[in-house]
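These are the structures in question, set out in turn.
Here come two complexes built around subunit A, the first alongside subunit B, the second alongside subunit C.
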Partner chain A sequence: MNIVLLQNKLKEGLGIIGRGTSKSTSLPILKNILFNVKDDFLNISATDLEIAIKWWTLVKSGKDGSITVPYNSLSSFVNLLPDKKINLNVENNNLFIDCEDYKTQINSISADEFPIIPIVKEKEKVKINSNMLCDSLLQIIDIPSLSKVKPEISGVLFFFNKGELKLVATDSYRLAEKKVFIKNQTTGSFSFIIPQRTAREVVNIFKDFSKDIDIVFGDNQILFKVKMDDFDQSQIELTSKIIEGNYPNYEAIIPKEYKTQIVLDREEFLNKVKAASVFTSKVNEVNLEFSPEQGEVVIKSSNNDLGNYTAKTSGRAEGEEVKISFNYRFLLDGLLSTKSSEIIFEVSDESSPGVIKPVGRSDFLYVVMPIKN
Partner chain B sequence: MKKENLWKTTLAQIQIDISEANFNTWFKGTSISALNNKKAVIGVPNAFAKEWIENKYHKIILKALKKLDKDIKEVDYAVISNPLAISEEKKKVKKNNREKASTASQMEFQELSVDRETGLNPKYSFNNFIIGPFNELAHAAGTAITESPGSIYNPLFLYSKTGLGKTHLLQAMGNKIKDSVDGKKVLYIPAQKFISEIISAIRGNKMDDFRRQYRDIDVLIIDDIQFLSGKEKTQEEFFHTFNDLYEKNKQIILSSDRHPKSIASLTDRLRSRFEGGMLADIGTPDIETRSAILKTKAQEKNFFLPDDVCYYIAENVQRSIRELEGILNKLIIHHQVTKKNIDINIVKSFLKNISQSSFSSFTFDKLLKTVASFYDTSEKEIMGSSRKREIVKSRQVIIYFLRKELNYSYPYIAKKIGGKDHTTIIYSYSKM
Partner chain C sequence: MNIVLLQNKLKEGLGIIGRGTSKSTSLPILKNILFNVKDDFLNISATDLEIAIKWWTLVKSGKDGSITVPYNSLSSFVNLLPDKKINLNVENNNLFIDCEDYKTQINSISADEFPIIPIVKEKEKVKINSNMLCDSLLQIIDIPSLSKVKPEISGVLFFFNKGELKLVATDSYRLAEKKVFIKNQTTGSFSFIIPQRTAREVVNIFKDFSKDIDIVFGDNQILFKVKMDDFDQSQIELTSKIIEGNYPNYEAIIPKEYKTQIVLDREEFLNKVKAASVFTSKVNEVNLEFSPEQGEVVIKSSNNDLGNYTAKTSGRAEGEEVKISFNYRFLLDGLLSTKSSEIIFEVSDESSPGVIKPVGRSDFLYVVMPIKN
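The block that comes next holds the complex of A and B.
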């Protein structure tokens, strides 16, 4: 292998695939990344056997070939080089890096030792704008948790139906559903669950692109990829396992009706709940008293050691008086991911879930269970 | 050789040929998932392992397998999600336990643990169902049915007061039948849900779909059937479903908080059908059973409950098993927050609060409402001066309970019940 490319370009690629390397010591090869040169394209890959990230760029190539090198050392070294031409050359299983006055040799491991990244056999394929996908994922990504025996809900559900994609996440205390409209219609409806970590990496890698992402869904595996601008060649591919099993029937959780509804200013309500959080006790409990006649919600919290807190916020309301308590962290999460200046808050009674939605759009929904008194 | 042993021996041979790190990475969680005369299918935990083993170790595996079993000519690989992966996740979960303590009174979505197709919750099983003299009959009928659904007691009608284990028994039966070999189609549905499904089917003009959905079920379990009371359209629809399933010898299991005779506004044809099968009553558990139940529940939650505390609770909480569980949960939270061991004094102070609160939940208003709906009269009529037979009767019932349960004085009852004379009240009380 013998190629020439700019430092800046290499730095970009290493930055993207770095998150795919493994920190675990059980299989040292996973700390390495794979360089592969073929037909003037350089491909760098990293994997930890759960996800795999691949990145391509055009290079001036003298000789095809492949090699694996330790990611950490290579990456820190390349970052220190000037933004000039770099020559990468493989001889006797060693990688020689020349850039202006810098000359290095890195001991490497043969490419044969590197895990084979599975090719996803296409069952379904959808195109979606990367900004839209990443923004939507950000609204729900922090919700899933591993604190459950059910592995299905530790991931994010992707549910495609005609021209719509629903993203769903829950940790059994709260649930968020985000709808995204997609350009090309899928033939039927299908769904899969991706691990929370994969969703995070999708956001990290693709959030700065405003291109279309192809999502390819196959057996056991899912592939996210963006193509290069001028070639029919992938620029970045992220392959991940998907979580086996059926997502629970989450629609049964979403309340169909409510007793009391109030429309509130989001910022104001958010601040008052935040202030209440200072005075909460161990269970993070914030009490809300909905009084539709006065058109207001009273927010209360108290802590035996510290004191207590009361605040009011007013809005347009209808229904009956309801007293209900929530974990303030769950409330804040819901309010922060509802992207509108005013929010709708619906409740029924002290032991039924509350619903937070944006005003004027129906693409987001946050359901949260109360704290029992 | 059995396929488990065959694979173990094969692995032992492979282990010699490759490095330990490689072996642990790629062969952990593998198994022979199918073996039919010439072909062995190796189950691997993920797609990476599949690619790697297929490309790098295929020859070694084939050679090792052939040596052990001469018939094997071919080896294939398939990704099988394995339980090992889940146990790894569980390890990570342990770290989150600190957080759990702080969310002890945080409510959860119940729907998540419910099976999509059957509506059953897998946490209910016969293994954690405790049998005592009070529920022996119901349990015996239940187990008999799980062995041959549809052929003996049909329908089975279970009734008992709330919180004594009806739902547990019902769901345990459903789970057992579902898991049995012949794959019967089970559906568990609370009556309220059944009613709301009917309403939405009527609204959406989808009655046909609704009927079809219910008519190819093998075992239909409806909980809290007393909620059908007064809902005529639902009763009619249920009646047809019932007949349909009954004629095809499909098992029907129902539960209610009272005897079919005592369910108000239930059409006679339904009532006679309910009574036509097996009626089983669950009584209140005796003290030994209560303390056994408490012990089991504590064990399920990994909580240590001293014997004297356990016995004390069982002695003092008699009404329902759910109440026992509630107290246990309170003790657990108390223990988590204060980090103190549970002793009998803490329990005493807890029980004091609880017995007071359950007493105060029985009020005049509630009594009036309940009696009025039971006798199908209005509260206004009872409070009025009508002397119709049914109304006088319901008025007398109220007077009896006010005197007996709430210890009201005769003149006070007279005042409460619409300004009658206290002698009338004395007479009414003695009539009961």
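The block that comes next holds the complex of A and C.
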């Protein structure tokens, strides 16, 4: 293997695939990344056997071939090189890197020892804007529970139906649903669950690009693919296992009615819940008193050791007086994820879930269970 | 105690004194801060018995008095309040905080239980610009060794002589000396050692202000004092213990001569040492080969598991060929602290210390011991 490419290009590729390497020491080869050169394409890949990330680009190649090298050392080193031409050359199973005054030899492991990255057999394919997908995932990504008892809620549900994708996450204390527009019609409806970690990596890798992502759904595998640059034909692929099992019938959990509704300034309410959090006890309990007649919500918290707190916030309200308590963390998460300056908060009684929604758009809702006394 | 002040002002004061509170749980009162109101001045203080930080300001006061409250909760809470008038009121040993819609009661501890902060009896007093002092401390602050065997080198030496202050730090592997201009003449020469932690807090508290710091030196105590604002008469005081014992005769360690000198571009050399660090073994050894005839330094490192590295950097050189090895961390620290675009590097032989100095100024030098083979 012998190629020449610019430092900046190699740095870009290494930056993208790095998160696919394994942190575990049980299989040292997973700390390495695979370089493969064929027909003037450099393809570098990393995998931890759960996910795999590939990046490729057109390069000036003198000789095809492949090798694996330790990711951390290579990446630290390449980041320190000047943005000039780098020559990568494999001899006797070692990688030699030359860049201006710098000459380095990195001990390597044969490409034969690198795991084979599965090819996803396409059953369905969807096209979606990467910004839109990543922003939407960010609204729900922290919710899934990592409990091993219910693996199906440890991931994010992707539910496609015609021109729409619903992203759903729950940990059984709260649930969020986000609707995203997709660019092509799907033939029917289909769904799969991706691990929370995969969702995070999709966001990490693709969030800064406004490109089309192809989502290819196959047997037990999912592939996210983006063409980055027409000129050097660079491309990124993220392959991941999907979670087996059926997602719970989450729509049954979303309340169809409410007794009391109030429209609040999001920022102000958020701040007053945050301030209440300073005075909560171990269960993180914040008490809300909805008073539609006064058009306000009173926010209270107290802690025997520390003291107590009261604040109120005004809004347009309808319905009955309701007292209800929530875990402040779940309230904050919902308020932070609801992207509008005003929010709608709907409740019924102290033991029924509350619903938070944006004002002026119907693409998001957040259901949160109360703390029952 | 009953006062009114703006949220922003209280937030400023709490931000400054916070680092004086104790992290230890053995004396819970040290997690509290003392509020004291007298003659329209609010004085808040924190101490962990090693250092003490005080901040005061003119306020609208209804009633004198004092109380202590838990710092963390108070500070988190105040930071979330809007920048409006805050009323602080003590009743039955509890602090009541009112700010617009927010009403809070914080459980408090009587001021009698708060330790007395020592008053520094002035033996010497020096005036120095805070920016200049902090920037200078930053150049040497990471060097002191925290070894308990030699407590005197666990701090920073302040050595005053006429119009000059020398700041010195060493861990016996390297030593840095920084000279700072002071605004007033001192009567004679005198010196003291302040704990590294105190030096860090001086930097943390005063680095963003361009004000005069008064340094007051007393028996076993040192006081750093800054008047912040003439209008509200706000002021900050940091009191600290000093380290007893005599600082080693460090000037004897500084080489008076050299065999080889080279002037190098700092940024380039720094980068090439950083890149070398990727390939060092456990002792962090980087090998330098000074070749005055070629006008260059060759930088090498190698690691049996990982591979090896060579780079070179050019400069104006004189003297003999010298091969010498250093711990790359110590080299990097010295290069990062030497604030000039070109640096002078002087060496003699493989077992004598090297010296790094800025080009064009004589206010800093960094002595570094080689790794002997």
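Keep in mind that, in the parts below, the second predicted complex is superposed on the first by the 365 of 373 C-alpha atoms of A that agree within 3 Å, B and C clash if a C-alpha of one lies under 4 Å from a C-alpha of the other, contacts with A are read in each partner's own complex, and residues count from 1 in each chain.
The rule is short, and it goes like this: a contact is a pair of C-beta atoms (placed from the backbone, for glycine too) under 8 Å apart; a residue touches a chain by one contact, two chains touch by 3 or more.
Note that the structure is a prediction, hence the values are computed from the model and not measured.
In the superposition on chain A, A:Asn107 makes contact with subunit C only, while subunit B stays out of contact range.
In the superposition on chain A, A:Leu146 makes contact with subunit B only, while subunit C stays out of contact range. In the superposition on chain A, A:Lys274 makes contact with subunit C only, while subunit B stays out of contact range.
In the superposition on chain A, A:Ser341 contacts neither subunit B nor subunit C.
Once the two complexes are laid over each other on the shared chain, residue contacts for A:Gln294 go to neither subunit B nor subunit C. Of the two partner chains placed around the shared chain by superposition, neither subunit B nor subunit C is touched by A:Gln233. Judged by the touch definition given at the top, the superposed model places A:Asn204 against neither subunit B nor subunit C.
Once the two structures are superposed, subunit B and subunit C can be ranked by residues of subunit A touched, with B on top.
Shared interface residues of subunit A, touching subunit B in one complex and subunit C in the other, do not exist. Residue ranges of subunit B in contact with subunit A, taken from their complex: 21-22, 24-25, 46-52, 55, 79, 81, 85-86, 89-90, 92-93, 96-97, 99-100, 102-109, 111-114, 116, 337. Across the interface of their complex, subunit B is touched by residues 26-28, 47, 49-50, 52, 115-118, 145-151, 153-154, 170, 172-173, 175, 219-221, 241, 244-246, 248-250, 252-253, 282-284, 327, 351, 353, 369-373 of subunit A. The touching residues of subunit C, when paired with subunit A in their complex, are 70, 73, 76-77, 80-82, 94, 101-107, 271-272, 274-275, 278-279, 305-313.
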